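Worksheet: one structure, shown below.
Each chain carries a letter (A, B, C and D) given by its place in the written order, and its residues are counted from 1.
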């Protein structure tokens, strides 16, 4: 079998008329939503402890003590959940030459005419940015988070170190929230994307428009299909 | 079709976020403390206050003992707190680390609450009644005194000395207890009589 | 204490030597900080350790344990050499002018009349020359070479700053600096106060340590004045009271004595207690001895004590030895000569020396009765606690009865503080479980014994059957009844001795004070010095008026001080021969032309003219004594004696070991060690976080000082390879303990001549019961020997060895 | 909340406590600052600032303050081991709000040994780092008399106060997961009494009263110390935290570090300031803007949609020659 370059095992054309392409298998989707869920819990509980104006959000988790208790555990959950996701996605998120051009012409992307741009694999530079930003920030957050986890590691690091950890943790948190917003927004703005994570498939048109190389590779595999 | 739906969903979510954050940033939706600021209820309110003297060294600091219930009124009284008596000329309300912790010597886990006896060779104490204990003691005293009282010396001088039973008196009991102790011990002729003055 | 705690604020200089006031008496020490803050007073601390008292001192000097006499005699010598003497005071208020017999002398560390066989002195030469008039001869010019002053001068001349450095290990410059600070207090308008405790008493020559400072205070004219005095900081809340009431082998209440075999009848007993004045016109208050004695006997046996039966003189025991003190009792116990022993609120297993010997002694008892509010090691001496009390339980046949008593918070009554204040207190709590008051327990025991004698008869039942017991409830006399018994009551009308028509107190009424005591059987009173504490005017001990006129610090209407509510003893000595205060700004008593007036109750008769009657009314001389005649067994002057266990030989007489007249039992003598096997000097002490062996039962004090430790210098730690917080083994010839090592800069090696002396500090608060961690007390190590005069054990200077130890102690 | 307007702050700790029930005189109306409550209602009245003065030169290290503190606050300090030092317990704990710290100092100038003993505990800063760091509304409050108190019902046990405090004072209980420290006996002060430690202190090295009185007293003490040769004696009332309501007289005010590392110039760490200041505000703003921005763009901007051609292209690609349509 020819080596996959722009797709990963499991990606395949599902129907031909109209064309639908399977983009994420069930496991990956579940994995994504667990990660997303825990991120949202962390976001809400974290924001509650981050700014008084949002302290009311502790109500969602049964009060301040419960929120204080819950946040770090969900953090650990997020870390491992995302780690599994990472193992599946990291290869196709490695940067490629065409990403540079794509970024240079981000304006056209926003205008919606991607015809001028080079054809892309499964992910565009934007998606890759979000992937790597998430990866990096989650590592920073888990490390700094453990350093200030009062209940289990009260004496893990010195108080000055804890102060830095708090600062870094909150900065990283702001960053990851912004990343998250971008991620969600892009997913909505680019119509036809959400179903990739809900139903697992995208329309051929969507794939053609946004990830043509990916589609070509899968199409190629189709043709070489059972006939041979 | 589903695009429209998702548009509506999108608006809802984003709207909530904006509302929360922007309102918060503008200082609306001020957080409220669950509990109003308050200090601990003053624990001596409605206690009985009794004046006493610290039981330790002979600076003899004045102390105030606070209790639930009033012994003077014949009630059952549980001591809840002890602190210095500010009216006392010597200590002016101050107390040392021992005096300041007097309450916990009164309520010490190693306080004795019942008469006990350790029989010869036994590995432990067993409880006995006051009557049994006191009768045993009285009997032991009488027998030993009758057996070993020295009535006269070689010169026939009456000496009435009892040396085979000894008594170590306390150092923190009241003068009144001391006098009663003195009286009984001397009357019996005990000479092996001492107190803590030396140590 | 000659002065109350609150008077310390009036001092110019405080010397804490032989004690550690800040740690053992923090709230009394408050008055030192007051004097410092308000008067700019200075504080000197002389101690082997840099204590918490030293931490707030103005000047500190180290001293080798057991060498205090040398330091004190050297101070007196320096005062004399540098004319820092309150001359008027010394000449008139001390026995400095008294002429001493020619036979008296001192050589090789011993006074005249020593008999090595008897280990005792023939004291006949230690006395004044008595003239034909029957009075002691004096030379007010102090020229006579045989007058006390010149003998003292000669005696102390040997104690130079160099000798101090050699014997005490105190650097010469430190000693001289202290001498100069103290010297300033020789001025009539300057006062120094001495605060001491067991750091001075717990030596084989403890009484002489205290004598030494008392003499210095007399030379400086600091006794009887505000801000001065000799202040013994008593250890326990009522140890002063128990001593006052005479709960000792050889005492009757109010410092009267139990008869001895040498006194076969009352006449003989009284003859040696006539206390005739040794100078014309002096008070010699003990002349009233018979009044106090007879009133005491009437308190004991009431109508059964009559003139015919010598007031029941023979119902009192007569002693064949000076005293059956605790050390002697344990010696007898060990020899199997004691059958029953009572411990009332006392924990001797930790309190007396040579724990091994104590355990052996207890094991020979038939019955041990322990009355206590708390668990004690004594009550469980038979219980095996591993290395902390390794005994063969089954082999111990002693029967132990443990009786639960109430504590301070659960009974009424009075306590005597260190300043002789009798303070009444009230019960606040209900006793736990079946615990009972000591008064109930003692009554029960006595009632039952008496019943046995009634029913069965027996040996000498009279003193028991006739003991006065006229209490409303014979089962439990009240504190009020007992207090009134001590104050004294008129049995018949009491009239004025001079104006016999004048009725002072009608029959049945309480006596106003001991001046109304009589020796004709018309009065009863158990403790004459307490008389006046509960009169017809009520309970003086319960007074709570804390007003302090002119802020002098005497609080005359706060409770009651014995004698006669007198707050400062010898207060007449606060004024000069004309009756003017030495220091107008510190007036105490003043002669106003007809009588003595001032803030306190005068010692002497209010109308006795200044210059005629001396201030020291209890003494036959009317003066204080720089020279004590034959009253102390080990010499009329203090002379340097080494501890029985010492790294250094006596500089005056290398042959002399310890105190030459201290009583030593044969077996114990063999247990004395030498410095070649036990090179380090150990001393015991209290820590401020704990009170003796009690507070280890208190969760809070246990948390503040949880575990047994010893303190050593960084130098000794280095020498022995001991690490801070590590385990060490400390052992003496008598026993061994395991402790944590507290390595500190506050203990430094002392250079005594060519010998370097390392001190090991051993606090005394741990045992094997209570909330704190299990440990030991210093008494596992200390020698079984007491002071020559009062048998106080030598806890403060003995020899040990030390090494690093491994492994957790079981706790 | 019943407060007696006539009752102001007590002037001394030398008094016997009342036993008749009386209204507490310290409450919500006296709070001038509360954690995570930026827009607090102004206090209903202004109490006179109080202070506890600790005169280190009078302190004998007896630990009476520790006893009195444990007894009054009903805490149960643990019975630990001896580790070769006098500090027991070995540090402040949720059960021990104050601690005597001992340091042995060989003074090079005089050649004398000095045993410097300091009572450690909450300083009740005018600008409290704990309060600034605390995320739980009303868990830490500052009363107009200067007392900084923890309202345990509101505490969530996050430990931010530990990072906020410049003196390393608050301790989180592993049992209750609530933060504890000296309350300056707010319950006693509320009924006109002083703190238990100040009342107990045998040498009155700890005194309590109106801050101005305490400053005056401290100045007398400093003068006395200077007369005894401590030229550098002085008051430790650090400016960096706006002054404190627990402050010291030191014989060596020039070297506070001698006293078991008393901070030279304590202030709320700039890191904490950064975290609780700019980060908090800008961070939230950024998040807010991002959210708002995306919403607006979502509403106004044109979405990126897939056209029919794209679908056709896809079909072309997947299957270039489709089967003929049936009719």
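Just so we're on the same page, a residue touches a chain if its C-beta (ideal position, glycine included) is under 8 Å from a C-beta of that chain, and two chains touch if they have at least 3 such contacts.
None of the values given here were measured: they were computed from a predicted structure.
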So which chain ends up in the middle if you average the CA atoms? B
Would you mind checking which pair of chains has the most C-beta pairs in contact? B-C
Subunit A and subunit C have mean C-alpha positions lying a whole-number Å distance apart equal to 85
Centre to centre, by mean C-alpha position, how many angstrom separate subunit B and subunit D? 34
Cα centre of subunit C to Cα centre of subunit D, whole Å, reads 50
Distance between subunit B and subunit C based on Cα centroids, please, to the nearest Å. 28
Residues of subunit A engaged with two or more neighbouring chains: 51-55, 63-64, 181, 184-185, 188, 191-192
For subunit C, which residues are shared contacts with two or more other chains? 26-27, 30, 688-689, 699-701, 704, 771
Residues within subunit B bordering two or more other chains: 3, 7, 10, 14, 17, 21, 24-25, 27, 30-31, 34, 48, 82, 87, 91-92, 94-99, 101, 104
Mind pulling up the subunit D residues that touch subunit C in the complex? 57-64, 66-67, 70-71, 76-86, 88-89, 96, 104, 106, 112-115, 117, 202-205, 221, 224, 227-228
In their shared complex, subunit C is touched by residues of subunit B numbered 48, 50-62, 65, 67, 69, 71-72, 76-79, 82, 87-92, 94-99, 101-102, 104-106, 108-125, 128, 130, 133-142, 144-146, 148-149, 151, 153, 155, 157-199
Can you check the complex and tell me which residues of subunit A touch subunit D? 13, 16-19, 47-55, 58, 63-65, 67-69, 112, 148, 150-151, 154, 159-160, 162-164, 166-167, 170-171, 173-174, 177-178, 181-182, 184-185, 188-192, 203-209, 215-216, 219, 222
Looking at the complex, which residues from subunit D come into contact with subunit A? 36-38, 135-137, 154-160, 162-163, 168, 172, 174, 177, 269, 271-272, 274-275, 279-280, 283-284, 286-287, 290-291, 294, 297-298, 301-315, 317-319, 322
Subunit D - residues contacting subunit B, complex: 1, 13-22, 24, 26-28, 30-31, 34, 36-39, 62-64, 66-68, 70-72, 137-139, 141, 143, 149, 151, 153-154, 183, 186-191, 196, 199-204, 281, 284-285, 287-288, 291-292, 294-295, 298-299, 303, 305
